[in-house]
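Both complexes below contain subunit A, partnered by subunit B and then by subunit C.
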Partner chain A sequence: MGRYILKRLGISLFVVLMVSIITFALVKILPGDPAVLALGTEATDEELEEFHAKYNLDKPVVEQYFLWMKGAMHGDLGDSIKFSRPVTVCIAERLPRTISIGLPALIIASVLGIVFGVISAVFRGGVVDNFITFLSTIGLGAPQFWLGILAVTVFGLRLDMLPLSGYVAPSEDFGQYVYHAILPVSILAFGLLASVARQSRSNMLEVINQDYIRTARANGLSESRVIFRHALKNALIPVITTIGLQVRVIFGGSLMIEQVFNIAGIGSLITIAIQGRDYMVIEGCVLMISVFVVIINLIIDLLYGFVDPRIRKSWR
Partner chain B sequence: MGEIRKKKSTGSAARFFRVFFSRGIITKICFGILILFVLIAVFAPLICKLIGFGPYEQDLFNMLKKPSSEHLLGTDDIGRDTLARLVYGARVSLLTGILSSVWAAIVGILIGLAAGYFGGLLNTVVMRITDAFIAIPPIIFTMVLSSMVKGNLLGLSLVIGVSIMPSYIRMVNGLVGSLKENDYVVAAKLVRENDFIIMLKHLLPNCMASMIVTFTMNVGTAIMLESTLSYLGVGIAAPTPAWGVMVSEGYKYLVNQPLVAILPGVCIMLVVISFNICGDSLRDAMDPRLRGKL
Partner chain C sequence: MKKIVAILTAIGLLASTGSMITPVLAEEAAPVKGGTVNIPITGDPTTLQGWMLRNSNENVLATAIYETLLRYDENGIPQPYLCESFEGDPEALTYTIKLKEGITFQDGTPFDADAVVWNLDYYKENGCLSGSYFGEYEKSEAIDESTVVVHLSSWNALFNYGLARSCYMCSPTAVEELGADGFNEAPIGTGAFKVTKWEHGEGIYTEKYADYWQGEPNLDGVNFMIYSAVATQQAALEKGDLDIINLSGDAVTAEALEAEGYTLTNAAIPATAYTFCFNTQADTPLADVRVRQAICYAIDADKIVSALLRDGKFGTASNQWAIEGTSMYNDEVQGYGYDVETAKKLLEEANYDSDFVLKINYQVGDFMGQLAQICASQLEAIGIKVELNAIEVANYVNYFGEWEGILFHQMGLQNGQFSQISANMITGINFGSKTFSHRQDTLDLIAEANASGEETLTKDLKEVVRILFDETVDLYTVAITYTTAVTGPSLHSDYGVVQANRATWHEMWKDAE
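Up next, the complex of A and B:
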């Protein structure tokens, strides 16, 4: 098992390395000179050169990459051109806001998604199943930005129940935080909930048709015992993967949610950085998110083994 | 002999359509919606001639108007006919969606095929690079790259194509990994058949079912990405009537004239859902064993 974990760790490291190369290349192929963008077209050649030297832009691309990686390993992602501050500071400032919207969304979506999916599967073909399937179809098909602006209009403008936009940190005033976070969290959770519910439903259906479930029923076990003790455990294992993948979706979704609800989080930082060609910020944010996603997936892969003895066996 | 073969093929076609539509009325509706939107996209100029307004035509006396006999779905803030813009928006969305899925399929399938067939170190490296691509949220990936293409449809479809390519690589790679153990592949190798012939003639056709299903679902994904990028202002550039652009333009007038922002969203939703559901039904019809895997 130790060997498996080690191998898995090695693979993750390689993936992170690839991510860093892709991210760096992605930003490097963008057109335009960041110096001109930062200093304006009026800048003299000397000023431009000085700028290039300051941000290592005068060095060969490969050397730039190694310098960037060297910094990244020491926790230095370079400086933001627009904010004139280290990228790590920008991220540290904004990350809590994105997490305080994304984490509740992830938790709500996972819990409700599993509950809905299981109910849907147990009462297959009934009214409840049809309703849940309908909702999850909408959740997967409706654009988040569109749902967001509709929710703002209906609940914010028409009914005047919830704030139009803005953000209050939970540490400042928890009541206000909840009041401001209801809409963004719900919109973000809706899409996730749909995919978790869908996955749970199809897994549950597959498990319910297995022989050992029939055997359990034939042995006279109560239906709730069959569902909760025998079926659920097996059905939920693949759902963990789905939930792990959703971490990526949360960061992607925060781009739209933070734009619609005017929240200064990582999503809006990336939007600003892309619009203003703030190279270091783009690189830093993409790298951070991807490394985060890789780590979560690694943890899930390892969790699998602890949850499922069959997988643990295959590790040897 | 010929007759029997013919009979058999019509039999399987009938079975295909029976299973395809067996999910009840929903698949039929979704299939109908897709056909409808494709027709709208193809005949967009004709439809605009019929309603009397082009997608760029400004009717400055009728700004932000409610639906009327003149403007069937009303007008936007500079007096452009909403219906005409929706009709042309279908063109933009479907074209981008299908094109990006085509690019992704061509390159992704070839990469997945080669990596899966040759296996070994090549396979490991290709799959780990694919993992790395998957770790970057597609919307961020496409947003960074789309600033290069400057609102150009073809360029945008390439960018979106790159971001959905990993799904093809993974799918084909997994299939080929198990297919290549089959006797017919081993036999082909024994008679020293060319590797490319084996891949294209023996392995590729066996991936067809999964490929068509993945393709259908990816068109939906691509349309969603395109409209999100257009909404954020980095996809299709205004004034081109893309649905995402229309939502972001109509946002400000959501209280006075909500149709301008609501309708394009409804269109996106209908098309994406239809592609998803048709993909599901296709999977059931083509290969029931794929259920739960794709």
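Up next, the complex of A and C:
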């Protein structure tokens, strides 16, 4: 197992490295000089040159990358071009906000998605199945920003039940955190839930038609025992993959959610950075997200082994 | 009584400058002490350092925290503010500044001649617009506690515009004690409100400066909260989370809020001139002035203003970068009224009456997009096929030096027509360096204006305006928009009456909840 983990770690490092190179190259291709954006069109040539030198923008792109990577390996992601503050500080300020919205959304979506998927499969073709399928289709098809604006208008403005926007840290006031997080978490969870529910439903349908399930029923096991003990466990493996893939949505989805609900998280930071050609922040955020996703995927891979003994056996 | 006089004056100013919306300010009730006002910004400011403030978000909060030696009047002319007088001597190459007494920074240190000398020297070295306005600045000296003499290497008649625009007075003691980075998080100016916390990504919180030189502010604080989208700002205003929002070129939102009982106030100083900047230098049909004239004749600016800006309610048509009736407006500019037949005739004379594809480049934005679409359809009526090129904000700066066809530019008018003409229509800068005609007589007039007194400056720059808009047709203004402040009935203030985002902050008050 140790060897397997080492191998996966090696692949993960390679993936992170490639992501950082590709991101750096893509960002450099983008037109727009951050110096002009920061200093304005009235800046003199000397001021622009000084700005370029300060952020190593006057050096060849390859050298810029190695200088950045060297710093990153020592925990220094450079300074934000736009805000003149360390990128690590910018990320550290905003990451908890993104996590405290994204993580509850992921957990809620995973739990409810599996439950709804199982219910939908067990009662296939019935009213409940149709209702869940209908909701899932909306969740998958409707854009998050649209759902967000709709929710703000209905629950925030018209019904005046929930705040329109804003964020309170759970450590500051947990009640207010929940109050402010209900809408963004629900909207973010909705899309994820739909995806997990659809995946769970189709896997369950496949599994409950297998011979061994028929055999279990023939042996007189109760339906709940058949479903939860034998069918669900096997149906869960692809669902875990789906959930693992959805981890990126904590960050990706936050781009829209944070805009709509005015939450200063990683998503809004990336948006600002792209608009301002803040290369350091873009690189820093992408590196952080790719490391996070790679670690989660590694954990998911290991989880397979615990869920499926056949996979565990293959590690040996 | 004093308040009523101020209100009547403000209304008079607005009426004289042609803005169609007058503020509903007449209130005789005594101001209520306490409360907090929330104003939106669309994102984190890049900085809170007084010498670096320049972008739109920073402008929203700047005047509540900081103040300038001079500030613009309703005509966009700099007038003494933190000083009693500001007098130039072109012969001696000096400006003499006599400061008001009794002003202190928010850290209690005096705002005196030494502080001003320190600020001017610091701005020369570090200020964001130092290159544009402090090029001739040599040094300044404190003659006594309240008198400063500024020495220039050569005369600069627009130095006062630089001081009014972004040279905010900062506490030298605070900058030296905290360092530039520390000061960024805890800025100290002479304004009515002092920053207590900058919650990055969320907003900037302030509290009143009780010893403010014009009197203790009525409000406890003013917060500048981040609301990135106008739709969210509107919703927050309606819910009471915000007290003010600013709109420009957004008649739909403004009218919807007006219908709900909100007060609309147009700033006397207009916001933006949406301008065709022609590439006169490339080997294209636009090199022929008759083609440029034809394009101007083909645009029905009045119709555009009528449709998008509600007949002048949120903006106006103009043949230059100023509004009729204001001091910088040149009555001698003829402009090009809507005349399709003349436009067609001019194109025919220039032999470009068919197969002419014109590229119009513009920065993405709802209002700008609408304008560009309408202009394209109007130009197609005279046989010009238009290719619209919507450019992302960050990429737009790449078009500044050279563009193909027309750059449909949003020229900010907060600093007035003279300042923009003399700063942008010259050689040696990036904007239009390879596209504008830069005729020698205009360059000479601008140079003479910069090196002269007020009278010659006005005469010369008005003549430059006439040449650029009428003769060389480097520029054509399609529409000018106002900044409209939308406030709820519980807020009492002159916010946004003279200039966008500016208020007599210490007098602002809110009804008790």
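Here are a few things to note about the model shown:
The rule we apply is simple: the second predicted complex is superposed on the first by the 315 of 316 C-alpha atoms of A that agree within 3 Å, B and C clash if a C-alpha of one lies under 4 Å from a C-alpha of the other, contacts with A are read in each partner's own complex, and residues count from 1 in each chain.
Criterion: contacts are C-beta pairs under 8 Å (C-beta built on N, C-alpha and C of every residue); 3 or more make two chains touch, one makes a residue touch a chain.
Since the model is a prediction, treat every value here as computed from it, not as a measurement.
Using the contact criterion defined above for the overlaid structures, shared-chain residue A:4 touches neither subunit B nor subunit C, since it reaches no partner.
In the superposed model, A:22 lies in contact with subunit B only, and not with subunit C. Once the two complexes are laid over each other on the shared chain, residue contacts for A:165 go to subunit C alone; subunit B is not touched.
By the document's definition of touching, of the two partners only subunit C reaches A:82; subunit B does not. With both structures placed on the common chain, the touch criterion links A:140 to subunit B but leaves subunit C unconnected.
Within the superposed three-chain model, A:304 lies out of touch with both subunit B and subunit C [touch as defined at top]. Of the two partner chains placed by superposition, only subunit C is touched by A:43; subunit B is not.
In the superposed pair of complexes, A:93 makes contact with subunit C only, with no contact to subunit B. In the superposition on chain A, no contact is made by A:179 with either subunit B or subunit C. Contacts of subunit A with subunit B, set against its contacts with subunit C after fitting on chain A, overlap at residues 30-31, 149, 153, 157, 259, 274-275, 277. Considering their complex, residues 11, 14-16, 18-19, 22-23, 26-27, 29-31, 137-138, 140-147, 149-150, 153, 157-158, 202-203, 206, 248-249, 251-253, 255-256, 259, 270-271, 274-275, 277, 282, 285-286, 289-291, 293-294, 297 of subunit A touch subunit B. Every residue of subunit B that touches subunit A in the complex is listed here, in rising order: 128-129, 131-141, 143-145, 147-148, 220, 224, 227-228, 231-232, 234, 244, 247-248, 251, 254-255, 258, 261-262, 264-265, 268-270, 272-273, 276-277, 291-292. Put simply, subunit C touches subunit A in their complex at residues 43-44, 46-47, 54-55, 128-129, 131-132, 181, 184, 200-202, 226-229, 231-232, 235-236, 238-239, 241, 392-395, 397-398, 400, 423, 429-431. Those residues of subunit A whose C-beta lies close enough to touch subunit C in the complex are 30-33, 36-44, 46-47, 82-84, 90, 93-94, 97, 149, 152-153, 156-157, 160, 163-167, 259-260, 262, 264-265, 268-269, 272, 274-277.
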